[in-house]
Amino acid sequence: MNVRVGVIGVGMIGQDHIRRITQVLTGGSVTAINDVDAARAGQVAAGLPGATTHATAQDLIADDAVDAVLVASWGPAHEEQVVAAIGAGKPVFCEKPLAPASDACQRIMAAEMAAGRRLVQVGFMRRYDAGYRAMKAVLDDGGIGAPLLMHCAHRNPSVPPYGFTTDMIISDSAVHEIDVVRWLFGEEIAAASVLRPRRSGRAAADMQDPLVLLLEMASGVLVDDELFLNAQYGYDVRGEIVGETGTVALADVSEVTVRTANRHGGRVPVDWRDRFIRAYDAELQDWLNAVAAGTSAGSPSPSSWDGYAAAAVTDAALEALRTGQRTAVSMAERPEFYAK
Amino acid sequence: MNVRVGVIGVGMIGQDHIRRITQVLTGGSVTAINDVDAARAGQVAAGLPGATTHATAQDLIADDAVDAVLVASWGPAHEEQVVAAIGAGKPVFCEKPLAPASDACQRIMAAEMAAGRRLVQVGFMRRYDAGYRAMKAVLDDGGIGAPLLMHCAHRNPSVPPYGFTTDMIISDSAVHEIDVVRWLFGEEIAAASVLRPRRSGRAAADMQDPLVLLLEMASGVLVDDELFLNAQYGYDVRGEIVGETGTVALADVSEVTVRTANRHGGRVPVDWRDRFIRAYDAELQDWLNAVAAGTSAGSPSPSSWDGYAAAAVTDAALEALRTGQRTAVSMAERPEFYAK
Amino acid sequence: MNVRVGVIGVGMIGQDHIRRITQVLTGGSVTAINDVDAARAGQVAAGLPGATTHATAQDLIADDAVDAVLVASWGPAHEEQVVAAIGAGKPVFCEKPLAPASDACQRIMAAEMAAGRRLVQVGFMRRYDAGYRAMKAVLDDGGIGAPLLMHCAHRNPSVPPYGFTTDMIISDSAVHEIDVVRWLFGEEIAAASVLRPRRSGRAAADMQDPLVLLLEMASGVLVDDELFLNAQYGYDVRGEIVGETGTVALADVSEVTVRTANRHGGRVPVDWRDRFIRAYDAELQDWLNAVAAGTSAGSPSPSSWDGYAAAAVTDAALEALRTGQRTAVSMAERPEFYAK
Amino acid sequence: MNVRVGVIGVGMIGQDHIRRITQVLTGGSVTAINDVDAARAGQVAAGLPGATTHATAQDLIADDAVDAVLVASWGPAHEEQVVAAIGAGKPVFCEKPLAPASDACQRIMAAEMAAGRRLVQVGFMRRYDAGYRAMKAVLDDGGIGAPLLMHCAHRNPSVPPYGFTTDMIISDSAVHEIDVVRWLFGEEIAAASVLRPRRSGRAAADMQDPLVLLLEMASGVLVDDELFLNAQYGYDVRGEIVGETGTVALADVSEVTVRTANRHGGRVPVDWRDRFIRAYDAELQDWLNAVAAGTSAGSPSPSSWDGYAAAAVTDAALEALRTGQRTAVSMAERPEFYAK
C-alpha cells in the first residue's frame, strides 16, 4: 500500500521530510501541502506531481487523498492540528515538540484516548539511531549490569547570535536527551537541576552556554548532560551509560582514519543532519510502515505520552534553570492506554 | 516514475534484492519473476502482489510490464540474459560476475555498443560503501598525496568445508578488491601475483587459505590483498591507501564501545550482509534512479567495461595462482564508448 | 651525587618506593628505615645492603647518613615527621595526604616558611602521568581555547567490603582529581557539591558508591568527577577538558588491539599500579634530581601549599557529602612563598 | 653492584646511551670513553666525573675500571672490538649490526663459544617495546591461534637526500623487523623477496622508496613489511599478526585525543626516539642488571646468534633487491651453545 501523506508546514524540516518520503523511503507519497505562507506551499507543491495545496490545515486533514498527516508547523500550532487529525481518524506524525505546553499535550492524549486507538508518533528520532539502539541492546542484554549513571554531551558548532535563547538550550536541544534517556532506561524522570559552568566567549552575550542539565531517573540513575551550543569544533553527541559491571558508549562515527601531519584520526560530523540523517529516515519509514499496516507503530516509536513526558520534564528543567534549584517533575499518572 | 523490475534468478541474492526494492528503496516495484526452478519462482511471486512468473528469461525480458531487468541467476547464464535485455533496449542490473569468462564480457560490450547506449550496471557494491567513498574522497582531494601502495584484507569467518575452492577465493572474494581498486585509483591493473602463506588448520584440507594477492596498477601502485576465508573471528574488510604525504584507512564500524572484564572495544561484523547492507541498498537505489531518469547511471556505477576488466584480472590472478608466477593482465583497449 | 634516602613507614607504598629507588631510578639509595612495626622495619632493611633501622622517625631524620626523607607512614603521623625533617633542613617527600587536617598542613607550611626554603614534595603523582601532561600541554598551548568544563571518571574494580567508607571515596580517591585539576587549570577550587546516583549492588551495604563530586574552579570552570570504587571491569581513569574551541581527553592506554570472537579492542588496566606506575617513577626521579641539585623541585612538583589546598577542598567536599549542600571551600591566602 | 661501563664510539647513539646510563637507569656508571675522534672523546668525558679517555678501543677494554663494554662505533669496527671484549672476559653490549657481514658475526660467535659463556647482547631494542611484548604475550598465550601472516609497516618521515641508499632501507631499517619477527615467532626466516611499488616523488632520485620486503618464516608464516623512509607524516611503526582465530596489532600510542576543527584523533610520533625511547631504556637496564648479576641476559635479550641471523637474512634480502628474485636465506646450523 502506498501511504498518501499530507504535510502541514513546509519550512526546512517539512521540506526535508518531503524529500525523504519522495526520494529515499518506500511506501509513501506526498499528496497535499499546507503552510501559513501560501506562496511557499505553492512552490513546494509545484515540485510534487499530483500534490495539491490547501488553504488551511483543517482542509488538508479532511482531504480524501490524504491517508496520514505529517505536522511540521511551528510548535504552538501543533495541538490544534494533531487533535484535528485524530478527530479525522488519521495517523499523524508530529515533529517535536508534540506541544510546547504539557497541558496541551494532555489534551492531545485525551483526544487520542477518546478516539480509542494510538494515532500519534512524535519526531524524537534518536530512538532510531544505530548508536543509541546498539547501546540499548547492550543494556537490555545485561551486558553492563544495572545502570547507575549516564554521561551525555550535546554539542553544536554554533547557533545564530540572535534568537536562540538560554531557555531553548533546554527546550530545543536537551529535549532530545530527555526523551532518549526515558526510552533507554524504560522509566520516567523524577527531577531536574541545572548547573552553570564558565560561559564561552563565543556565545551570545546574554546566553548561558554551556549548561549542564542533571536528570534523576525514578530509579535513581543520574544523568548529566553537557549542552554546548557554540562548541565550534563540530556536531558531537556523546553518551556513556555506566552500569554495575561495565559501560557502553556511543562510538565515533567516522568512516575512515587519516594519518597526516603527525596526527591520526577521523572526522566529527558538521551538523545534526550529518549525524542523524539515517535516524530521521528510519523513524519516518517506521511510521509509513505502521500506517500502511493499519497498526500503531510499536517500540521504539514515541507516543503522545512520550511527547507529554518530554514537555513535563522540560517544564521542570526550565524552572530549575530560572531558580537554580533542583526541581521535581510534576507529571500525571501514565494511562493504561499508553502502557508499553 | 515507478520502475517495474523483472528479476531473473530468485536464489538468496535475488530474493534479497526483491526485499530491497519492495521494502527499503523508493521508485521501484517487482512485476515479473523467472527462475530455473519454476516452483521457487512461483513461491516468490506469490508474496508479491501483481507479480507474474515467466517460464523463460526471454519471456520475462519481453514482458511489457518490465521496464528493467535484474539478473541474479548463476554466472554462466548471465551473458545470454544480459545480451537479451540489451537487445530489448531495457536497462539491466547484473550481479557479479558480469560473465565468468572475459570473452563473454566482450560480447556483452559489443551488444551494448551496437545498441548505442549504456544499459548495464554490474553489482560491484563496494563502490557504494560509505567507507570506500570517504577513502576515495580523501584520495581525490589530495589529502594524502599521490597513492603508492594499498594494503587490503578480506576476511570471512568461514566458508563451507565442501564446494568452496581455492580458485573461488580469487573469483568470488578477491574480485571485490579487483573492482574497487580500479575505481579508487582510476586506472587498470597491469599484473597479478599470488603468495601462499602458512595454511590455516581451520580451512578445508585441499584449500590454500589464506592467500595474498598482489596487484600492480598501471601506474605502479602496488596492492596487497590478504584473503582469508576462514578467519573465524568475524567478517572484516580492511583497507589502507599509502600516499606520498599520508594514509587513509577504512575505520572500524562499531556503533558503540563497551568496557567490561578488563577490555574496551567494539564489535566486528558477523557477515558481509552486516557489513555491506547499506552499500547494496545504495547501488540498487542508484540504478533505479538512473532507470527512472532514462539515463545511464554515472559514477560510481560499474559498467560492462568494469565487468570485463574484473574478468580479465581474475583470469590473470587465477593463472598466477596455478603457476606461482607474476602474470601480466591481458586486456583489450578501452573503447571510447566506455570512457569515463 | 647519590641521594641517601631515609624511609619512614614501610607498608605497601613505602616498600614500593624503596623498590623504585633501588631498582628503577637513578641517583638514590636507601640508607635508613623506620616503621611503627620494628620487626617489619628490620625485615625490609635486611634486604637493603648498608641500610640501618631506627627506633623512631626522629632518629632516622637526625641520621647523618640520611640526605632526604621519604614519609610513607599513616596520615596522622605526617605532620610531626614532616615538620621534624624541615627542622633538620632535609628535603622530604611526603605521600598524600600531606596531613589529614588542613590546619596541620598550615603548620607544615609555617615550619617550611620559617626554614626559608621549599623542602617538601607531596606525592600527587598524576601530575607526572604522560596523559595528564599531554592534556595540560594542549590546554596551555591554546589548542582548545579557554577551558569551560571538565568531565572526570575515577573507577576502581573494587574495594574491600569492610573498612573503606564513603568518606574515603572523597579523601582517598577524589583527592587525586582535586589536586590534578588545580594543577591543570592553574587556579583554586571555590566550591564543592556531591551527588548521589543509584547505588551499585556490588558496593558494601553502607557505602554510597558511585558518587559524583562537582568542583567549581575560581574562574567558573565546572568539573564533574564520577567516583566509582566497585566498577568491576577494571581500573579506569578518564578525563576530558572542554574548551571554547575543542576538547582534549585522556586516551585509552592499551599497547595492542586484539580481534577475536566478533570483538576488536584493547585492555583496561587492572589496578592503579598498572595505570600509573610510570607516574610514580617520574615523581620520585624528579624529587631525587631536585634533591641532588640542591634545589626545590619545580613544576609540576606539588608543594606544601598544594597539600594544604587539597586538604581544604577535601574538607568542603566531605561537608557537602554530609549536608547535601554546595559548600564553599574555606582557604587561607596563598603566601608569596608559595607563588608559582 | 654498580656496573662500570666503558663506551666505544660516542657519536649520537653512543652519547644517548651515556645519557641513559647516567641520568635514567640504575646500577651503572660510565668510567671510560674511546672514539676515533679523540677530541670528541675528550669532550664527552669532560662531562662525566671520573671518566677517563683511552686512545684505543683495546686500551679501554683492558682498563680495570671497566666492568663491561658498550660498542657504539661504526659497524665495520664492531667485530674486532667485540672479539676483544670477549677475549677480556667482559660483557659487551653491541649496537646493531653485530657486524655488517655474516661471516664476521660467525667469528664473533666462535670467540664467544671459545670463551665458554654468553657475553654479548645486540642492540635490537624492539624486543623491549611494550607493544611488541604485549603482542608476543597474546600470541604465546594462544589468544589468536597459530600465526599465519604478519603485516608490518615501518615509516620514517624522511631521510637525508644524500647518503641514504636503497640498500640501507634493508640493512638499517628492515633489520629491525627481521629481528623482531624471528623473536615473535621463535623461528628462523627461510627466504626473502623484495617488491618495488610506485616510487614517492619525495624520495631522492636514485632511491626506491617505498619498498615491500617479504619474509617467509620456516613454518610458512608470511611477513610483508612496507618500508617507507620518506612517509612525511610521522614516524609510524605498525604490525598485525594474523592467526587462525584472531589478530593482534600494535595500537596507536597517543596519550590524548583531541577534538578540534571537525576532527578527532591523536598524535603520531615524530621520530624513532619519540616512539622507542622506553625500549632503549629497557634493553640497557636489562643488560646492566644481567651484568651486575654476573649472568647472561636471558629472554628477550638478543644474542650473537641473533646478530648473525639478522646479517644472514639481510644478505638474502639485499640479493633479492638486486636480482628481483625470491632468495633463500643461507645460514649455518644453530649451535647448541645458542639454544634458547
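By letter and in written order, the chains are A, B, C and D; residue numbering begins at 1 in each of them.
In the analysis below, contacts are C-beta pairs under 8 Å (C-beta built on N, C-alpha and C of every residue); 3 or more make two chains touch, one makes a residue touch a chain.
Predicted model only: the values in this text are computed from it and were never measured.
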Shared chain contacts [chain A and chain B, defined touch]: C, D
Per Cα centroids, the chain farthest from chain C: B
Between A-C and A-D, the pair with more C-beta contacts: A-C
Centre-of-Cα separation between chain D and chain A, whole angstrom: 58
Between chain C and chain D, centroid-to-centroid distance (C-alpha), Å: 38
Between chain C and chain A, distance of the C-alpha-averaged centres to the nearest whole Å: 45
Contacts with 2+ other chains: residues of chain D: 233, 245-247, 254, 257, 259-261, 266
Residues of chain D that touch chain B when the two form their complex: 145-149, 151, 153, 195-202, 210, 212, 214, 217, 219-222, 224, 226, 228, 231-233, 242, 244-247
Chain A partner contacts - residues on chain D that touch it in the complex: 233-234, 236, 252, 254, 257, 259-270
Chain B-facing residues of chain A, complex: 22-26, 130-131, 133-135, 138, 143-144, 245-251, 254-261, 266
